[in-house]
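Each chain carries a letter (A, B and C) given by its place in the written order, and its residues are counted from 1.
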Amino acid sequence: MSERIAVVGIGQTEFKSRWPEISQVEMVHLAVKRALENAHLTIKDIDAVFVGNMELFEGNYQVDMWLTEGDGAYLKSGMKIQTGGSTGSSVCTTVFDHAATGLFGAILGIAYEKQDEGSSDYGLRLVSEDTFFDIANGGRAAGPAMAAMALDMLRRKSVTEEQIAQLRVQESENASRNPHAHLRKKLTVEEVMNSRLLIPPLRILHMCPASVGACAMIVAPEKVAKKISPNPAWVVDWVTVHGGTLPPLGHMGVYMEETELGPQWAFGVEQASLKLYTRCGIANPRKEVDVIEVYNMSTWHEAEWWERMHICEKNDAGKLIKERATAMDGDIPVNPSGGVVATNAIGASAMQRFAEAAIQVRNEGGERQVPNVKTSMAVTAGGDSYSAAALFRKSLY
Amino acid sequence: MESKVIKPDWVRNTEMGLRGLQKGEKECKEISEPAYRGYAEASYALGREKYESEMKLYQKALEAGYVIVDTIVHLPFRESAGLRLSRFFTSLRDEAKILALRCPNCQRVIFPPRPVCGFCRITVGEKEEDWLVLNDEGKVVSFQVATEREVDRVTGRLVGQPNPCGFIRLDGGDEWTILVHYLEMIDIEKLQRGMRAKAVWKPREKRRGRMSDIAYFRMI
Amino acid sequence: MTRRVAIVTAVQTKFVSSQTDLSIGEMIWEAVGKVLQETGLKFEAQGGDKDGLFIDKIISCSEDYWQGRTISDMLYHMEEGGLGMSLTKVSGDGAFAVYHGAVSILSGKHDVVLVIAYRKESETVGSVIENAGFDPIYLRPLGIDFLTAAAMQANRYIYRYGVTEEQFAEVVVKNKGNAFRNPYAQEAMELTVPEVLHSKMLSYPLKELDCKPVSDGACALVLASEERAKALTSKPVWITGIGNCYDAHYLGDRDLSDCDSLQMAAQKAYAMAGITDPSKEIGLAEISEEFSYQELLWMEGLRLCKRGEAGRLIQDGVTRRDGRLPVNPSGGVLSGNPSGVAGMVRVAEAFLQLSDRAGDRQIAKVETALAHGVYGPAGQAHCVIILKR
């Protein structure tokens, strides 16, 4: 009924602030080429191509049409998926669903962002700009919600500001070992603590950058994967949960701590993680998973997500930081890639969580490889609490 | 006959933006609160810097031989508020009353009014008893002071007003009730989560059935 | 296919030129609310039914550009029933959302999928958006939109295959006439070929009546695995074949009178459905014809007839309601559907036909039907769905 599936190829471009010398098509093409090389395949072996993109960031309507010039979709199946910040992971779950039908050979998924081309601040401003209600020009209003979440974390002593700075340093150390990351400079606690205050307690170094780049992933069902790949990352299971805060107001502006949905975007992360654990028979994720990639759009979010994913008790995120439990040499490494706080090409970021988790299981992480990874997990979050989670294993049996 | 050099699109568009920015800077003088005037002026200064660095980038790209195509998409929208929001906005205009809905099943307050309760998946707002009036006063649960705002790249202007933006839980609603609106321009140090605020309504003849019928919320 | 997928219900709003009374959210809820009423289904996030009968995934189809807002669907998650649910969004055309829904079930990961498509074309300027659908470097600066691209395709089709503007007009007469029997259709009109030919020329050879009108509306379907489908309805309609395919983008890279991507999409669907001669085995076709000539061109790409033959077929009455192969008994897209929703409406109409719920437009004794969706300039991407009683 349901085919077992595996990731057989991954390709990423470098990620930077601007990339004026190549077009979107060329950038996507680069990621696709690298994925094909990594999989030892040619475009002829690909049956379907799925693209993720938020059209109002670059301003290209139905961009999957133009992209056929470089993504290999010419005369192949596919479609375009778009779910906000989680788009990259929605592309992955779409690719996974298609692969699991057994109707396709190898399938390619692509997620990217070339924000330097569009007026993405304008596109982002339009996120919460409901015509009728948002007269106070939202879009930047993600700030207050994040600040409120951070204040709440401090209030319930989940973390201290210094611990957040330490975590940011840890994230930067990881990113320094990732050749694809955007912000690779190793930071110090002093630098982070003294960086410019945005909305207290958020500091500029806590927040993710705006990056440009592309990520591509090739997935195949078991019978194909076994033939073509010596090193598949088996996708054991995948789930999506849309948390849903209360747009247009709740999405951006409100912490919602007093409602049952809890902090912005946390509901989706928690529900998706728990659903994945139940379906995969995982009772103790901290012990049973070897490495996790989470969508940390800020350092505060990473700490919050640990609690939401139940790898520690509520209000114990600070403990994990103190113990360095989530560092590369800790007992539950998180974000060896550096995560979103080091690289955020919005469309690609969610796919990169899945890709990096798969890379870990395939032992292709180079300097960022965690030793002896058998099981990895990826959890994403995005606009209006879309969250996807997936579990990868080195071997099926 | 003089030969006239045609400027690249991006130069023309940037110059257009800069002209708008200049007008915006002049209008800053009209902001009564000095702190907020300062924020707006700082935002424009940042906007200027951004234009200048963009010009430099384009120039570099040109010299390196890269072609960059500048397009502006002009798209007008005319959206229907719908049955429930039309009633909501009419009530703002004619009665200075803020309406909300209550789900007859779970009793949650639905604000702004929408046709369905997201939890129960049932229709709301067709029966009169689903409607309720919220107080125009409430608690500021969160806020943002735009000390640095983005300049619209096309028009060169700061979008919206210089006021802080508040997230107000109106009395009469429940924990789901939040209204996003402007707050009065008070000293940033004095702004605190949990403060109470009350709507300052525009006079009837200036109200037109939009959220802007409330000028802003003042702290009480 | 080891797992079977069926459609258990299909709902449409009445398509109108301008839905000024309802907001987009109210329009979506009209469709979704009807679906819930008809099926009695709840959503997984509501706690579900003990028999495991609940909607476990929602796929919506809409495009940000038409609302001027990124993650535009975020405003409507409540109306879509999406709180706490597995929710994803496809852009392009509603038939692709149906395809995705079928895949979700065939993957073994889901059992009951709600698919929704909606658009209000009246609220903005379509040609500006369509222009943004072309690559920004070569084609967009020409000011081209989907109408002008279609006109180029129509011209090429005439040149290569000798079809005529009269034959295009026959499509309009047939479809707008069929619309009288369809309570959801926007524009039913009793027309003659000369009236169509004399309507205002918009982009040679396409005249006003050759083009679909601006339209607002929504459509929703429920797909289910075999077991669930049989529990939900006594007349499930089986999806026996699916296929979709992309063509090249740059208009000059294609011979616009060729239908390479449509042929491939159709071939995939036919192979899955075990159909070897579609011209004989398909009893009814709902084809997305935003422009009149497209009904003929796509028919040929679908191998419902030979290349160049579709014009003659329509003149012989073969594709009329009472013909051998009725095409668009619903009135088609020409009678008024928003693009992006149109493909899902074709599936809905085929479903209604095969479940004997098509009222006055019911065609008798159809076993196998075809539904088609398309998006992208001059039909760059196509989707074909085969349905069976």
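FYI, a residue touches a chain if its C-beta (ideal position, glycine included) is under 8 Å from a C-beta of that chain, and two chains touch if they have at least 3 such contacts.
It should be emphasised that the depicted structure is a prediction, and the values quoted were computed from it without experimental measurement.
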item	value
Chains linked by the largest number of contacting C-beta pairs	A-C
Chain separated most widely from chain B, comparing mean CA positions	C
Centroid distance [mean C-alpha coordinates] between chain B and chain A, Å	29
Whole-Å separation of chain centres (CA-atom averages), chain A against chain C	33
Chain centre separation (chain B, chain C; CA means) in Å	37
Numbers and ranges of chain B residues touching at least 2 other chains	71, 73, 77, 79, 81, 85, 118
Of all residues in chain A, the ones touching two or more other chains	59, 244, 248
Chain C residues counted as touching two or more neighbouring chains	65, 68, 77-78, 82-83, 129, 132, 136-137
Chain B residues within the chain C interface of the complex	67, 69, 71, 73-85, 114-121, 123
Touch list for chain A against partner chain C, complex	1-3, 23, 25, 49, 54-57, 59-62, 64-69, 73-84, 90, 93-94, 96-101, 103, 123-124, 126-127, 129-130, 238-244, 247-248, 251, 267, 271, 383-384, 386
Chain C residues within the chain A interface of the complex	1-3, 63-65, 68-71, 73-75, 77-78, 82-92, 96, 99-100, 103-104, 106-109, 129-130, 132-137, 243-250, 260-261, 264-265, 268, 272, 375-377, 380-381
Of chain B, residues touching chain A in the complex	57, 61, 64, 66, 68, 71, 73, 77, 79, 81, 85, 89, 112, 118, 141-144, 146, 149-150, 152-154, 159-161, 163, 165-167, 175-176, 178-182, 193, 210-212
Sites on chain C touched by chain B in the complex	19-26, 29, 32-33, 36, 42-43, 46, 65, 67-68, 77-79, 81-83, 120, 122-125, 128-129, 132, 136-137, 140-141
